[in-house]
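Look for chain A in each of the two complexes below; its partner is chain B in the first and chain C in the second.
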Partner chain A sequence: MRGVCTRSGSLSAADFYASAIYFSQRWNETNSDFPNWVWIPCSRLGAISEDEGYLVLEKIKLQTERNDSNLELNNCDSCANDELTDEATLVDVHSHDAHLYDLHIAYSFTYKVPVLYFRGYKSDGCHLSLDEIKEELPSHSVEILQKSKWTFMTQEEHPYLNTPWYTLHPCGTGDWMKLLLSSTSYGDKASLIQYLPAWLSVIGQTVGLRVPLELYSPS
Partner chain B sequence: MSSPRATESPTSDRKVVVHLRATGDAPILKQSKFKIAGSDKFLKVIEFLRRQLHRDTLFVYVNSAFSPNPDELVIDLYNNFGFDGKLVVNYASSMAWG
Partner chain C sequence: MEEEATKYIWEGAIPLQIKLHESEITSFPPPPPLMILGLRIGYLPLLVPPLKAHFSSTLPPGTDNVWFDYKGLPLKWYIPTGVLFDLLCAEPERPWNLTVHFRGSPGDVLTPCEGEESVKWSYINSLKEAAYVINGNCKNVMNMSQADQYDLWQSLLKGNMEGYLKISSRLKLGPFGEDSLPSEASETVASSRPSRIPVRLYVRSVGEEIVDIEDAPIIDSWDKISYINRPFEIYKEEGGYVSLKQALKSLLPETFNTNSSQEESGTNVKDPNAPDFEDDNAKLRLVRVQGIEPDMDIPFFWLANCLRNPEFYLHICVFISKQPKLR
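Moving on, here comes the complex of A and B:
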């Protein structure tokens, strides 16, 4: 079934694939600060089909309180701060401490919307617990997670990797996607192709991932 | 001799007209249009809405199908997504039940 159901804010698997490819291409073209999103073809049923799979963005630093303070020091080009010692040493220490994240976007056949799966790691490769992740999220993200009826984190089995990942539960997604999609005068086709950027504008905020503004204008 | 420094961009000193639109069952503001400095972050709009509506959690989005990151500058949002001399900001209630 093609076509976004603007009454429910959902989309078909085929449209998810189209939007994912479009989104990742645009991200990779415009966002040189970040690694590329990569499409991993994968099937729940065994046979690899070209248009089923998920997007991955791995080993990235998110806009966390911890990483932000690292960034400020690292980007301090003209800093005349007497407290800073040898800059090279500082960079070493803090990038060694940096927490990295893997983000996966997969399609939920149950809810007919995208779902974010993510994991965080310390510099030694140890996984971060959900509490540890929440501790370093920007305050805005924590607020959304705690107070919004639409976004809450749980732990679920990754639909393709069969390992436990943290996820933003998809049950509220249709509700707010409905609002976003009805805010434009785009036709159906443009709405569909912009689905993932629209979706990520909200989901990204809950985990500290900033989406460049260019991605929100249809090309 | 003046030290080299970036010239203050005239656009960032501009005021931007923001038009707040209630959607869903969110309460409508008595005054829905106001001006904000372009150099302010979108966070200011969000906080203004929260204070006016006495709601902690709002779903705030613009007419181009996305919810702006609070760190975005208002002038950037207006330049890219403004229309007819203003930036339209929609809001809906998203408070948790119970």
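Moving on, here comes the complex of A and C:
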């Protein structure tokens, strides 16, 4: 039975899979600047699952205050960025300073919602600490992090890889997704396939992932 | 009966013999290992105060970053001690020999532990998650007063069962099963909601050629263990009772089905009229819960009510043998 989800803000594992495939296709079609999202099937004790797994987007730059100006510099041939006051932003975006991130989206069987896992790296491959990541997070996320150290964004074990990743706690996701989905005019079935793009439009803002608007127009 | 079971759980402890890693011994003769009881429902980092007291005089200078290993395998500190023991010691080792490190935690494989606070929050998050599984929301845990949260944690720390039960009973999270209390009013249609039990499965594969499970090789990597954090779900109208065996098959379908029907609802198989499975792909070798090997026909809800941990999770260690697939 497919989950009836716009009422609860959650979705079944099967619908997560369907939405993930749809979302990654749309992303790959509309977003040539970024690498592609890839679906990694989960493999358990030698058996590869047909519909359980997670989405990965690796080695990307996030839209941070630090990088924003760099991107502008790089993309705009004739700009004179008078607003730039920070020396660091004058560094070329391809310099050794660029931090890269891996983003994974997995399904929580408990909360029946997607969950974001992410890690950051320096150019030498060293993992970024939480303090270093905080410097790059959008300011409203940093505020929340100051107030709730243990319940907003913490290091947890990735559900499929045996390594620590930063994650955003999913217990509130159902509530705000319910609001988000109820404000659309989609029917139930259409809502479910759009679940991930809708979810990412909010979560992306927490970590500074820019989601292109074309993703939301019909394919 | 359940009260007796709860007492058994709370009193269960693993005799531990913990030695300091040789690279951190700066004195001669080296300090003896510490013999200490680890509560089954407790967590290894909570043993740091007595360990620190015992080893501090020999430690090299530096800041503490405590972690444990068993035969070289870094131990995941957020897994209850009893579960680690049941899972990693195919043949129960008494005392259980562990190594403690105060330096150099392997941060790329082990989530760092900042001491008691980390453990407490990991525990509270598990409790929240269990509440969500049972009730469809975690309001009762989120709304706990600071005082209650503090008392709950202190009770767990000290192994104080009465103190703990006084507070946890107010959370209205049990018992599981037919006699479970109806949950708080929820937005979804109540009758179509399944009963859910918080379960954490730890599955290890043992070669077919190993006749006696106690000869299973030592685990040298967590990649050899499958961790499945997934609620067990059952719809009320299915009736009857679910045995432990049926519950496990429902939670591990890809392990037991060669022709797994790709149910739209995901991995929970909910057809009580399906014939009993033939284990043609995997064989259950051993199932351990709280150090006990329960009968496979035991009613699952009853087992969960008796043997769950204080955070309302039922932790089950499963050893299976996989047949090599014929091509």
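Just so it is clear, the second predicted complex is superposed on the first by the 181 of 219 C-alpha atoms of A that agree within 3 Å, B and C clash if a C-alpha of one lies under 4 Å from a C-alpha of the other, contacts with A are read in each partner's own complex, and residues count from 1 in each chain.
The rule we apply is simple: a contact is a pair of C-beta atoms (placed from the backbone, for glycine too) under 8 Å apart; a residue touches a chain by one contact, two chains touch by 3 or more.
Every value quoted in this text rests on a predicted model; they were computed, and no experiment measured them.
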{"item": "Which superposed partner A:111 touches (first chain B, second chain C, both, neither)", "value": "second"}
{"item": "Touching partner for A:52 - first (chain B), second (chain C), both, neither", "value": "second"}
{"item": "Chain B versus chain C as contact partner of A:205, first or second or both or neither", "value": "first"}
{"item": "Contacts of A:163 with chain B and chain C, given as first, second, both or neither", "value": "second"}
{"item": "Touching partner for A:194 - first (chain B), second (chain C), both, neither", "value": "first"}
{"item": "First (chain B), second (chain C), both or neither touched by A:150", "value": "both"}
{"item": "Touched partner set for A:13, first chain B, second chain C, both or neither", "value": "second"}
{"item": "Overlapping contact positions on chain A, where the chain C interface meets the chain B interface", "value": "150"}
{"item": "Touching residues (chain side chain A, partner chain C) in the complex", "value": "1-4, 7-8, 12-14, 44-47, 49-52, 109-111, 127, 150-151, 154-157, 159, 162-164, 169, 171, 178"}
{"item": "Chain B residues touching chain A - in the complex, by the definition given at the top", "value": "23-24, 43, 56-57, 59, 61-72, 76-77, 80-81, 90, 92, 94-97"}
{"item": "Contact set on chain A toward chain B in their complex", "value": "140, 143-144, 147-150, 176, 179-181, 183-184, 186, 191, 194, 197-198, 201-202, 204-205, 210-211, 213-214, 216-217"}
{"item": "Residue ranges of chain C touching chain A (in the complex, touch as defined)", "value": "76, 78, 107-112, 117, 121, 124-125, 128-129, 132-133, 138, 187-188, 198, 203, 205, 221-223, 226-231, 254-255, 262-267, 281-282, 320, 322, 325"}
